[in-house]
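Both of the next two complexes hold chain A, though its partner changes from chain B to chain C.
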Partner chain A sequence: MKSVPLVAVIQFPGSNCEYETKRGILNSGMDSCIYRWNQCRELRDSQPDAYVLPGGFSFQDRVRAGAVAAKERIMDLVFSEAAGGKPVLGICNGAQILVESGMVPGWERGRIESALAANHISGRSGYLSRWVFLHVAAKAQQICPWLGKTGNGIIPLPIAHAEGRFVFSEENRERASSSAALKYCDEKGIESSDYPVNPNGSFLNLAGIMNDRGNVLAMMPHPERAFWMWQLPPWIPGEWGDRRDQSLRSGSHADTKGPGSLFFMSLADHFRGER
Partner chain B sequence: MGNISIIVRLKSPDPAAMTAMSTFRRIYPETCPDSLERYDYWCFLNPCLGRETVSGIVSRYHDIVNPNKQTWSFIDEFSKPVDRSDDRMVWIDVRVTDRVDSVSENWTAILRRNRCEVEGVLCSVLWRFGFASGISFDNARNRVLDLTVSTRRDHGLLANPVSQKIDLPAPLLI
Partner chain C sequence: MSLSDELKEAIRHRSLAMTLEEAEKLAGYVGRMPTPLELHLFDTMWSEHCSYKSSRSVLKLLPTHASSVVVGPGEDAGIVKFADHDGFSWDLVVAHESHNHPSQVLPVEGAATGIGGIVRDVYCMGARVTGSLDLLRFGDPLGNSGEKSRAICRGVVEGIWKYGNALGVPNLGGDTRFHEGYDDNCLVNVVSLGFVRHDRIVHSFVPAEAHEEQYVLILVGKPTDDTGFGGATFASADLKDESEKGAVQVADPFLKRVLSEANLNVLDFLFDRGIKFGFKDLGAGGIACVTSELAAHGNLGIEVNLDLVPVSIPDLPSEVIACAETQERYGLAVPEWISAEVLEIYNEKYEMPRLFPGAGATVIGTFTGEPFYRVLHRGKEVANTPVEYITEGIVYDRNWEPSPVPVIEPDSRPCHPPLDLKRMLLSVDGASRSPVWSYYDSEVQGITHFRPGEADACVIVPIPGCRAGLAVSGDGNPWIGELDPFLAGAHAVGEAVRNVVATGATPIAATDCLNYGNPEKADVFWQFRQGVEGIAAACMELGLEGEEPLPIVSGNVSFYNQSSKGGAVPPSPIVAVFGRIDDFTKSTDISLKEPGNLIILVGDRKDELGGSLYYRTCIGHRGGRVPAFRGKLEREMARFVLACCEAGISRSVHDISDGGMILAAAEMAIASRPDARRGIVFDTEMLDPVILYSETPGYLIEMSRESWDAIENKPEFLSVAGRVTDEFRIASSRWKMDLLEILEDHTSRLDRIIWREEVTE
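Right, the complex of A and B next:
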């Protein structure tokens, strides 16, 4: 590993969160570089320590969100690096690509065992953009390099997707809970399958799943859009709302890290061997 | 009365079909089709006055068919593919439907609320594969299934069987 870990951000045609993601990584004390989907050789030669598939609309979500990007050659490299244990994070459209690649839940190598299906909400369909609250599954916090610093608190993050409902086949529904990493809850930490606590009808209120080893995490909420405290809306209640108010009062609002930073700081800690 | 289905197609080339075709060419050069077309497929459940009811709904709701950019026809009037470059081509249709679908549920609610005299509506996507002459129908059908059902990253594209189901409507008689 390099003295400063290098995190590669993979940009597909239609990705639109790569620069915020890169900034989040840099502001967490790691190095980062954006690689286009056709820069396979450059990516391989730079030997990144971790990979992030950012949000957006790869290939304009044509056919099915993430389905076309999952077939790209660059994903061969990400797939083999993940199998070797390197950390991989997919955010929103990146999560859809990981699911369509069979990298999560990854029970059988390379097999597609879940789906991120269209949101299922009574009375509305299509794209949904709002803030949600999450808690981290205990096992995930122990084994996932992206979640080590998330603690036991409730994490507010924004979502923005049309296809974010985790689905598992009938025979895998019981097994799915072992892959849970992030779950939707209300501001007090109580889970519910009803809208708006569970905003898309996701099975088991799942907002993020991981592979058995924990190094691959696919999450629908956008941590890079809540990296700084100033990105939180004023109505956010609870611990993060208090922290936001405090940073406003102390004049440190612009420089105080927000809840989304926890995911990138966790990885930095992981590389420092602090967990 | 029975169900009545329509297909809706873009007047311009369908971008999803073009992307799917280029992906097939790249990852399945041996088995990719020679032509691929994509349509929205709407099945209206038991419309009270049959085609008259469906025509009324389609003309009223431009979210179903936007006449500025789309055309539509009843499924039984829709037999000829757009690509007629080779009259001996073998054509196979495959319909992909979400197992749980808010769009169908919400359109059903809208149409019932507005007294459209239809029990409900089911939305799908219809993909039409065309293979050049010289391939048997069974062989073409097997290729379509392989290309459609995505079971692994390197296998299939058009449907994720965890959340979607597919069916192959009756063969085309062109």
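Right, the complex of A and C next:
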């Protein structure tokens, strides 16, 4: 591993969250570089320590969101690195790519066991932007390098997607449950399958899933949009709302990290532990 | 056939908008019967949309100069200084356009291309685009044409999210209003903003270096098709029926996103190499306009070969290839010797031909020392005209005739505050806009501090690491417009300024879009003049930086907004104001914070309820006496609000507009934390409709009693209106209105009417 871990951000045609994702990584004390979809050699040669697939609309969401990007040559490299245990994070469209490539839940190599389907909300279709609340599955916190520092609290993050509903076949209910990493809940931590607590009808209220080993995480909410406390809406309730008020009062609002930073800081911590 | 007859015939059979006199002028310029391409090129150049031929003489009234202005109106976007950070000066780039007619005919595509076009105007100045706003005016969703108005609203919102979200530009709100005057002609105004390093501003003309060395014209983007052929002309005539769909372009945000990344790469490459270049987006008039303008504004000629233009439809006539308004294209003027490397970035590095069939970059023309615009196609010369005529333009002095609206006030004004408040909160104009915003991505790029609805203006922190925040708001009230066109202009500026000021930001620039009916009608042209005069008057008063006016740095005029029956839309000047706050962490939102804090009323209430939400919603009368514009007072109030923010004593601030003080108070309560609900109790009985409902400009500020007591020499326009409570209600000593019982209704009202079609009362 490098003395300062290098986290590669993969830019596909149509990605649009690559720059703020890179900033989040840099602000967590790691190094980061954006690689274009056709820079396979450059990516391999730079030997990154971890990979992030950022949000956006890769390849125009042709066929299904993430489906075309999952077949790009650069994903072969990400796939084999993940198999070797390197941490991989897919955010929003990145999560869709990980699902379409079979890397999560990844029960059998190369098999696609899940899908991210169109949001299912009675009487409403299309894109949905809103802030949601999440809690982290206990097992995930132990084995996933992106979640080690997330704690037991309720995490507010924004979602922004039209296709974010995790779907599994009913017979895989139990297995899917063991792949759960992040689940939607209300501001007090209580799960519900009803809108808006579960904002898209996701199976088991899943907001993020991981592979068995825990090194690959696919999440629909955007941590990079809540990296700083100032990115939180003024109305956010609960612990993070209190912390936001406090950072405002203490004059440290510009530099106080928000709930989204936990994911990137977890990875930095994971690398410190390895070293 | 005489030349005149030939021209008449050409105008008829090509559906040109130009007059016979204009066509004869063109024939005089070229000394023969103009070619079809020349006719279409000049038809676009001399269209109202491009030439401002009716409006130009009036627009001179607007203040456009201030020491912060880097580029005023004239280029694709306006530029003002913004902030210095890390050794670089950063400038704000802004543009404002309308896409009204296309959105009425094809709402999804029309609204999408509206964003597509306006962001190109900002991109082509070399900027990264970091925000867009949509100022939307729809017909009455519950009126006679309700079904159509609702469908158009849904379509426009869909077009905005499908395009804007994919492009990765945060949506910074804007406003949505409904008025039966828009039943046959919706308004879709779009504002776009971005930031550019001062030393890397790009201009839309071929540089002077092209006189010394050979420059070529690279066309990049989507392959040319026949979409949008005649688009500018379409925007410059009455909307006859909905058969004109061919004039609407088709947008592609995916291609645009890749193209934007590639463009930034190319511009950086050229700057790093110290190469001078010109860059311009393709909008109205397509290839013909971009090539001729790049050349003409650089005092050069150009020879364009249409055989080299990648097309997606075979055998298109010359004038269609040259003038179609296919989206997602730019023109780039670079030295010939570097062109191969530029093409490589687009075509190899960013693989544009692989990502979109036929897309990519191609050299299609060479700049020439002889000042002629020449176009070749299939071995023939299809245009040849001196470049000076292309940009010369034409001006008309239109007749105008005052047509003021008589002032008629209602006979009685019953006042039942809880009931009135409830009606207003549940009216289509007073209901929460969150159902609209829920479709928009307001947070992509990770720079958003206040999203739509959280504060009076959206606030972004656009330059990573720099504390300077940008606040932006767009406003314009059709109810004032139909009663007093001058005050519509003045208050459009005033309200946008107040919204920006309420967040703690100082206005630094404004843009306008002037939406009116047929300028050839004297009463309409009077409304237009009045609107411009109103904007000018307000801008002269409301510059808060030193003694300079607030400069209008970009804008657009949209005439012919009327139905086939001839009724013009309400006079609709729409203004966007941009403000800067040096430390964004000091900016204020509207949510009530602390029980016991005082609510300070800034600005006495006056008996001027004409056009108010109360009149319309609670007594079914539009009234006549609209709020006066008191520039000096507005300025002093704004200075006071900014001083409070700077001193850190304002805990929440909300401007008073639609629904008056009571609605402002309710909105502040509704914005409070769900686990710490707040309300307001007024100090007096509060049974006077003037105090409660007047839309006289003003603000409510929440501050502690200590802060209030510490203010020395309190200006006369201040008074204590009430205090914050921990009960989720608005109350006085005589009445109370619990907000929890209407919260869900207020929040979902538009969703239920517009999207779920729950329209039975």
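Rule of thumb we're sticking to: the second predicted complex is superposed on the first by the 273 of 275 C-alpha atoms of A that agree within 3 Å, B and C clash if a C-alpha of one lies under 4 Å from a C-alpha of the other, contacts with A are read in each partner's own complex, and residues count from 1 in each chain.
In this section, a contact is a pair of C-beta atoms (placed from the backbone, for glycine too) under 8 Å apart; a residue touches a chain by one contact, two chains touch by 3 or more.
Predicted, not measured: the structure shown is a model, and the values here were computed from it.
Steric overlap between chain B and chain C is absent once the structures are superposed on chain A; the two fit side by side.
Considering which of chain B and chain C touches more of chain A, the answer is C.
Using the contact criterion defined above for the overlaid structures, shared-chain residue A:71 touches chain B, although it does not reach chain C. Touch criterion met: A:17 reaches chain C, while chain B stays clear of it. In the superposed model, A:195 makes contact with neither chain B nor chain C. By the document's definition of touching, of the two partners only chain B reaches A:169; chain C does not. Shared-chain residue A:107: touches no atom of chain B or chain C.
Looking at the shared chain after the overlay, A:124 reaches both chain B and chain C. In the superposition on chain A, A:115 makes contact with chain B only, while chain C stays out of contact range. Superposition on the shared chain A places chain B and chain C such that, viewed from the Cα centre of chain A, they span 70 degrees in steps of 10.
Of the two partner chains, chain B and chain C are each touched by A:59. With chain A fitted onto itself, chain B and chain C come no nearer than 5 Å, counting C-alpha atoms only. Chain A residues 59-60, 123-124, 126 lie at the interface with chain B in one structure and with chain C in the other.
Those residues of chain A that touch chain B in the complex are listed here as 59-60, 62-64, 67-68, 70-71, 75, 79, 100-102, 110-115, 117-126, 167-169, 201. Taken together, the chain A residues at the contact with chain C in this complex read 11, 13-17, 19-20, 23-24, 36, 38, 55-57, 59-60, 123-124, 126-130, 158, 160, 187, 222, 224-225, 227, 230-231, 233-238, 241, 248, 251, 253-254.
Per the touch definition, chain C reaches chain A in the complex via residues 158, 161-162, 165-168, 253-254, 257-258, 261, 349-351, 355, 437-451, 454-455, 461, 464, 467, 583-585, 589, 591, 671-676, 751, 755-756.
Contact residues on chain B toward chain A in their complex (touch as defined above): 15-16, 19-20, 23, 26-27, 98-103, 105-106, 109, 150-154, 157-164.
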